[in-house]
Amino acid sequence: MAADTLLEVANLGKTFGHLTVLKNVSFNLSRGERVALIGPSGSGKSTCLRAINYLEPPTEGDIRLEGQSIGRRPNGQRMTDREMAPQRAEIGMVFQHFHLWPHLSVRENVALQPRKVRGMSRSDAEMLAGDLLGKVHLAHKAEEMPQRLSGGQQQRVAIARALAQQPKLLLFDEPTSALDPELVGEVLTVIKELAAEGRAMVLVTHEIAFAREVADRILFMDGGQIVEEGPAKSVLDQPQSPRLKQFLASLQLGGPDE
Amino acid sequence: MSDALPGLIVEAFFAGALVTVKVTAGALAVALAIGMTLAAATVLTNSRMLQTAIRIYVEALRNVPSLTFLFLLYYGLASLGLRLSSMVAAIVGLGLIGGAITVDIFRSGFRSIPVGQSEAATSIGLTPFAAFRLIVLPQGLRQALPSIGNYAVALVKDTSLVAAIAAPEIMFNARQLVNETFQTGLIYGSVALVYLVLTGAVAQVMSLVERRLETR
Amino acid sequence: MFFQTIADNIADWGPRLLAGLRLTFSVTAGGFCLAFMLALLIEFLRTRRHAAVRFIARLYIASARGVPILVILYLLYFALPGAGITLSAVAAGTIGLAAVYAAYLAEVFRAGLHAVPAGQREAALSSGMSPLQAFRLVLLPQAVRHTIAPLLINLVSLLKDSSICALIAVPELTLVSRELMSESFLPLHVFALTALLYFGLAWPASLVARALEQRLHQQGQRDSGRGKRPVVEVAAVG
């Protein structure tokens, strides 16, 4: 394992009964590397992402964060959610539908993890939350309840919440797919800023132009497998595989890419 | 213990169960008739007076115990000169309460059909009543089915109360038996089992009906 | 005429009805508290890993919902002495009501938790909370909002069903009213008065419950993330 490898995904497989959603998916992520997963609907890219923090436990394969196997005990058995909690704390996830906790204010949403999982004092956690909310340009909304924010604002709070974990790795599951078009930009801007800081991230997205700009590497998935991968600009500008060519062409036409 | 005992028990249970079934069926019929009619009236007319009258009926009967209402009906009417048999009082009493329950179920079933469907129906020239009968009613009933099923199961259990106005259903017969034989555990335990079977059967029938209607 | 008769008798009827009402309160309150605690236990058991434990909980719920309360009361009051346990009528009434309503309340708890969107738990777990923390900090606070109205509805239901205890000679309101009727031969007046007393308790509570449900439903339309499913009607019907 190279010294700066952060994440290893090896031979990932996932089946639901007769349905195979992921097959033999393998890739690595180095420290500070930004990887984008693209592909048509049903290609398995979200499942792959959710397997990394074991929200969708794989039926085969191995995930390692800094050499440590995620979700499996040394004897190979699957860990319980309780055992996995410390590992998940190192990975920050941003969901398509934000999933902010509606009974807590924006600030409390961001401060909850540092307080209750990492044991920070209330004042330290709230200060951290304030800083992070400032980072996503929402300091003025700190005392509001999540329901009163627009979709784009809620998603930015969700990003701040993930950052509050001070995670080694960030996972984005189609962060802008549930947003109205005019709200997409503000979220992409924040993600771009994070990428510029050199944060390691895996980004599942439909925004191809954005992926091209932000990612170091792109993985194109189709039918549960990685069909093509490589440096972002070359994969998108000079696609090799017929399926990737077809996928990119369908996007140009503005029709559904699925 | 005589040899005739098991036979006596079975006979008493059978007779009682028969009465239970009759009372349940009767009350259910009354309740559904009242509920459907009033709910349809609510949807079809805009009469404020009617809505208020129905509200009063529903609130009055739903906030009073079934037992108290049965007593009021059975003994109250008798004091006015109208002597109802236990069976009739049971069916009318439980039926009236059931009507108050089902009217809300049907109303929400009818209301759940998107307004656009009625609009489409009237725009092709159907009268409001025809639109209701052909579009809203069938779908609304289907929507209401699960809740009606729940009500039916609850009704079976409520029939145990009519023993208190001397209707010869299961509980009533069971009490007679216990007075004669003192086998409280056996008899009341069997009563519980019989009810479990009855409620289970009703629940099964309801889900069968639901499933049948799904596939059409 | 009607009201005159009532006024004539109120001196006698009033205190006795109130005494019965007091007992109705005790049985209702006692039964509800007991049912609440029992329901927590049952719902806890229903979510354990051992299939046998879950089965027992589900079996209890199915049985309690399939047998009339009157039968349970009879079993507790008349049949238990045969096994050496003699309960007072009030105890039998309270325990019987609690035993049945525990099943309904367990369903209320289940529906309350179920109403919280799955994404909430996912977000909690993926930030590194243990399942217990996720439950305590994220799921439970949200679930509680969904249980208050159904709990109130079940309380009203229990109040009405407390009248069944009259049939095992608990001197609560309905039994008192029966006594008054047989003494005075004025069933219409006595039972109308009794019905009014029950109504005066049940109706306001029902209105409050309905208002709470309305408010919750409206909030649900505006909440963060996907819209929630509407509150499921889990109260004892009737």
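Just so it is clear, A, B and C label the chains in written order, and each chain counts residues from 1 on its own.
Just so we're on the same page, a residue touches a chain if its C-beta (ideal position, glycine included) is under 8 Å from a C-beta of that chain, and two chains touch if they have at least 3 such contacts.
Quick caveat, the model's predicted, so the values are computed rather than measured.
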item: Top-ranked pair of chains - ranking by C-beta pairs in contact; value: B-C
item: Most widely separated chain from chain A, with each centre as the mean of CA atoms; value: B
item: Chain whose averaged C-alpha position falls nearest the assembly-wide average; value: C
item: Rounded Å distance, chain B centre to chain C centre (Cα mean); value: 21
item: Intercentroid distance (Cα basis), chain B paired with chain A, Å; value: 54
item: Distance between the centres, which are taken as Cα means, of chain C and chain A, whole angstrom; value: 46
item: Shared interface positions of chain A, touching two or more other chains; value: none
item: Contacting residues of chain C [partner chain B, same complex]; value: 63, 65-72, 74-75, 78-79, 81-83, 156, 160-164, 166-167, 174, 177-178, 181, 185-188, 191-192, 194-195, 198-199, 202-203, 206, 233, 236-238
item: Touch list for chain B against partner chain C, complex; value: 59-60, 62-69, 71-72, 75-76, 78-80, 97-98, 101, 147, 150-151, 153-155, 157-161, 163-164, 171, 178, 184-185, 188-189, 191-192, 195-196, 199-200
item: Chain C residues touching chain A - in the complex, by the definition given at the top; value: 117, 119-120, 122-133, 137-138, 141-142, 145, 219, 222-226
item: Partner chain C, residues of chain A touching it in the complex; value: 53, 55, 80-82, 84-93, 95, 97-103, 112-113, 116-118, 146-147, 149, 154, 161-162, 165
